[in-house]
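Each remark here refers to the structure printed beneath this line.
Each chain carries a letter (A, B, C and D) given by its place in the written order, and its residues are counted from 1.
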Amino acid sequence: MKENKIVRLKDDIKLNNPILLVGLPGVGHVGKLVAEHLIEELNAEKIIEIYSPHFPPQVLVNDDSTIKLVNNEIFSCKANDKDILILTGDHQSSSTEGHYELGDLYLDLAEEFGVSRIYTLGGFPTGQLTHTDGVIGAVNNHDLIEEMGQYGIEFKEGEPGGGIVGASGLLLGLSQFRKLDALCVMGFTSGYLVDPKSAQFLLGILSKILGVEIDITPLEERAKEMEKIAAQLAEMEQQQRQGQQFLPDTSSDEDLRYIG
Amino acid sequence: MKENKIVRLKDDIKLNNPILLVGLPGVGHVGKLVAEHLIEELNAEKIIEIYSPHFPPQVLVNDDSTIKLVNNEIFSCKANDKDILILTGDHQSSSTEGHYELGDLYLDLAEEFGVSRIYTLGGFPTGQLTHTDGVIGAVNNHDLIEEMGQYGIEFKEGEPGGGIVGASGLLLGLSQFRKLDALCVMGFTSGYLVDPKSAQFLLGILSKILGVEIDITPLEERAKEMEKIAAQLAEMEQQQRQGQQFLPDTSSDEDLRYIG
Amino acid sequence: MKENKIVRLKDDIKLNNPILLVGLPGVGHVGKLVAEHLIEELNAEKIIEIYSPHFPPQVLVNDDSTIKLVNNEIFSCKANDKDILILTGDHQSSSTEGHYELGDLYLDLAEEFGVSRIYTLGGFPTGQLTHTDGVIGAVNNHDLIEEMGQYGIEFKEGEPGGGIVGASGLLLGLSQFRKLDALCVMGFTSGYLVDPKSAQFLLGILSKILGVEIDITPLEERAKEMEKIAAQLAEMEQQQRQGQQFLPDTSSDEDLRYIG
Amino acid sequence: MKENKIVRLKDDIKLNNPILLVGLPGVGHVGKLVAEHLIEELNAEKIIEIYSPHFPPQVLVNDDSTIKLVNNEIFSCKANDKDILILTGDHQSSSTEGHYELGDLYLDLAEEFGVSRIYTLGGFPTGQLTHTDGVIGAVNNHDLIEEMGQYGIEFKEGEPGGGIVGASGLLLGLSQFRKLDALCVMGFTSGYLVDPKSAQFLLGILSKILGVEIDITPLEERAKEMEKIAAQLAEMEQQQRQGQQFLPDTSSDEDLRYIG
């Protein structure tokens, strides 16, 4: 697979002026938690799968021992008569160049579906273990600020000071070239753990923006599961790292020291 | 060499509905041990060599001081009247993108030979130094589970929790796009050492699946040699790492700090 | 975005034999400080924005909560009747190959505008915390040395001994293929901090070369702000690094260890 | 510069069955020391310069403050009526893929000049600080062993156990595809320092092979200079590494953690 691969699960999708929500893995997994919760609660239907050589060479194992090649996916649903697309997935790009390439791929799809606005969802690392309710925003069009401030999204001068790294930010930047409105909404989170509380608060604000009721009870459980998976992966990675030091196949770009 | 290079050692290969076994370097080198053992015991014939710029820039030195450019290789044999292809090699891809590219290359060859099923062989790191007999499986088609369970392959809910990283998993995922049945069979192993015991147990199960007797006596010795090579490489790498800090040629992508 | 993207903000730019000043991020941020200061003081006008998949996938957040996709930019101004182009930006390339690709892109633009000479501005790390006034130079055409020595630029035998890494040096090298004169001017700096003192001294020399008066009072403040941003980014990065160890999305090329 | 660039300094080069010596940076810089010494002592003439986006984005600074873009170079000379080509340079490739690409580029040139045999020169890290005279060899054609053994090159069963990493080994492997004889000759060296003693011994053997007298007196001095440069670069790199932690421009692939 040398190229990104878009698998369309449904023909003839007609959407009326939809918005796109993007919740990919990231700080506190806040964006992904929110996206997965919305997909469940709004009975969103998967319409597109995206595979890419810029994702890690990895499959996940389902409960029934079948596998799933890591990917990103787009779901579609109606909420309060509005069409909503939700982009979520297992990973962001493994490489800098892949981030840009996938970013444009997502926006090509957004344009194809006539998306009128993009909300990227993420976490804002406070570095503090005690939870504070709060959501901070950044926009690619100043006109959005007044409207969005009404829903309780805070806009703080020049925050986050280090900018926004990854798809959440990049999509705002790349959208500008297409005159597509986009904002990034980040829930306060410690930055250390999968954070359902942050996701809960962010969901509250989103439900106001979307004008729909969303049950947030199942969120805690979803977060626990996500954390379990994360822990397993971390453990496995550590085991491997230890194990690999005795094995001759660990060559990677950074091990390019010459013999001879 | 900008492109992968396939060297065909034999013309006019006609196989009848063969299966493909994949045993590349990985955790405990279980898959590679099994693959190399089968090649030896079943007198498999090398039919294809695969070279790639995604493998490390390295040659191995044979006992007679000739060299071998690192590669992956496909062998062919008959066992109990069945045609079997075995893919093994020195390395997996050094880069994420290369993993996907090589994965498709392997599957192109599998399709060309009319492969009906793929078994990828690997190790499942338990993190525990005491050996436990056991083999865990994952499939890309649920129908395979019942059949395979008969041979003692365990299918555990959602295990391995962190998914399967590298060619063993990726080939299952990429095979789905071709409607090609594939399963990954992983022997329990500590994760810390080249593990002939794990390979032995996995071989026992494979011999039942393939319906052939396989002598496992030489396996221990093969593992010792592999471990020796692994240790030598590790030592050499460490020497180099120390040596290189005094040398001006260690620039790599991650050292891109600017002067000036 | 698979390719670099050049956004032209102004049509029909006619410049008479302009020079190009290049001040990108680097040691002590000396080059960038000088470039930004000149842009401000000389009321330079932005004429070109350059976006690239070789820059990090990052947006910066402006004071008004709008974002800016990281880029490099070219400004144009007149000083003492001379046409001056100034190239500055948020980042240098993230990859080796990107450095070469962007280097040629900058030189293509330089040739298009008829640039007659390039000055790349940077810092020379002394490793000593006490500041020393001084500017060291390197050239891609020996004829420049005599002229430039008059302005107080020191040329020391074989210094810097480790060469010049990054755009400041590379542009000198790539310019040789185009018979374009280029020199690198580096202000002494500790190498540990954003260094307005070094920038100040370098500006003094540049003002003599350009034959213009430049007010250096606002420089100190500009440096403080730059340092604040740098500190915020560093803090955020550290928080993330800690946070990410619990999250399953940290896969990068260097984590390519195989399971299975 | 997206592609490798070959600059030819001389037209109409006619060589009669030349051999190619390759001495690039590597363990103990033995190969590079030997190559540079031969170039000097045999008055070899530079005929080709090779530039590549796979080399670090770096220029070196000459004693007269002019710069040199890092490259690889091919020199030509006659020794005892034999035509000899010598390939040396500042760096090996920064990336895995670049190693393969450059390897083929070198072999294309070798074929163009009608090279009949390639000697790659390197160091064999013993890990021991006390010097031992000795040279170990590996070949890509078994017929070479008997001839080469006469000159004191040792061929030890399966040594080096970890194979040969980098251009020295890769060129042997890639030459096989062209039916071009190649051997790698490695002088014993600690692996920790630029090693003129190892180069001296290797030169002694080469002078027998080439049938020419080579004065090795200037070698010690050359090694000292090379070590000085190496030390300067290392120091500079360390300063930068420390300095960069306060600066916002250190983003590289491995720092791709997401905010937002």
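Everything below uses one rule, namely that a contact is a pair of C-beta atoms (placed from the backbone, for glycine too) under 8 Å apart; a residue touches a chain by one contact, two chains touch by 3 or more.
Keep in mind that what you see is a predicted model, and the values were worked out from it rather than measured.
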{"item": "Mutual neighbours - chains that touch chain B and chain C alike", "value": "A, D"}
{"item": "Same vs different contact residues, chain A with chain B, by half of numbers used", "value": "different"}
{"item": "Rigid-body rotation angle, chain C and chain A, from Cα fit (steps of 5°)", "value": "90"}
{"item": "Where chain C and chain D are represented by their mean Cα positions, the distance between them in whole Å", "value": "33"}
{"item": "Centroid distance [mean C-alpha coordinates] between chain D and chain A, Å", "value": "46"}
{"item": "Touching two or more other chains - residue numbers and ranges from chain B", "value": "24-27, 56-58, 92-96, 99, 125, 160, 162-167, 169, 184, 229, 233-234, 236-237, 240, 244, 248-249, 251-254, 256-259"}
{"item": "Chain D residues within the chain C interface of the complex", "value": "1-2, 5, 53-70, 94-95, 228-229, 232-237, 239-240, 242-243, 245-249, 251-259"}
{"item": "Chain C-touching residues of chain A, taken from the complex the two chains share", "value": "24-29, 56-58, 90-97, 99-101, 103-104, 125, 127, 137-142, 145, 155-167, 169-170, 172-174, 176-177, 184, 190-194, 227, 229-231, 233-234, 236-237, 240-241, 244, 249-250, 252-254"}
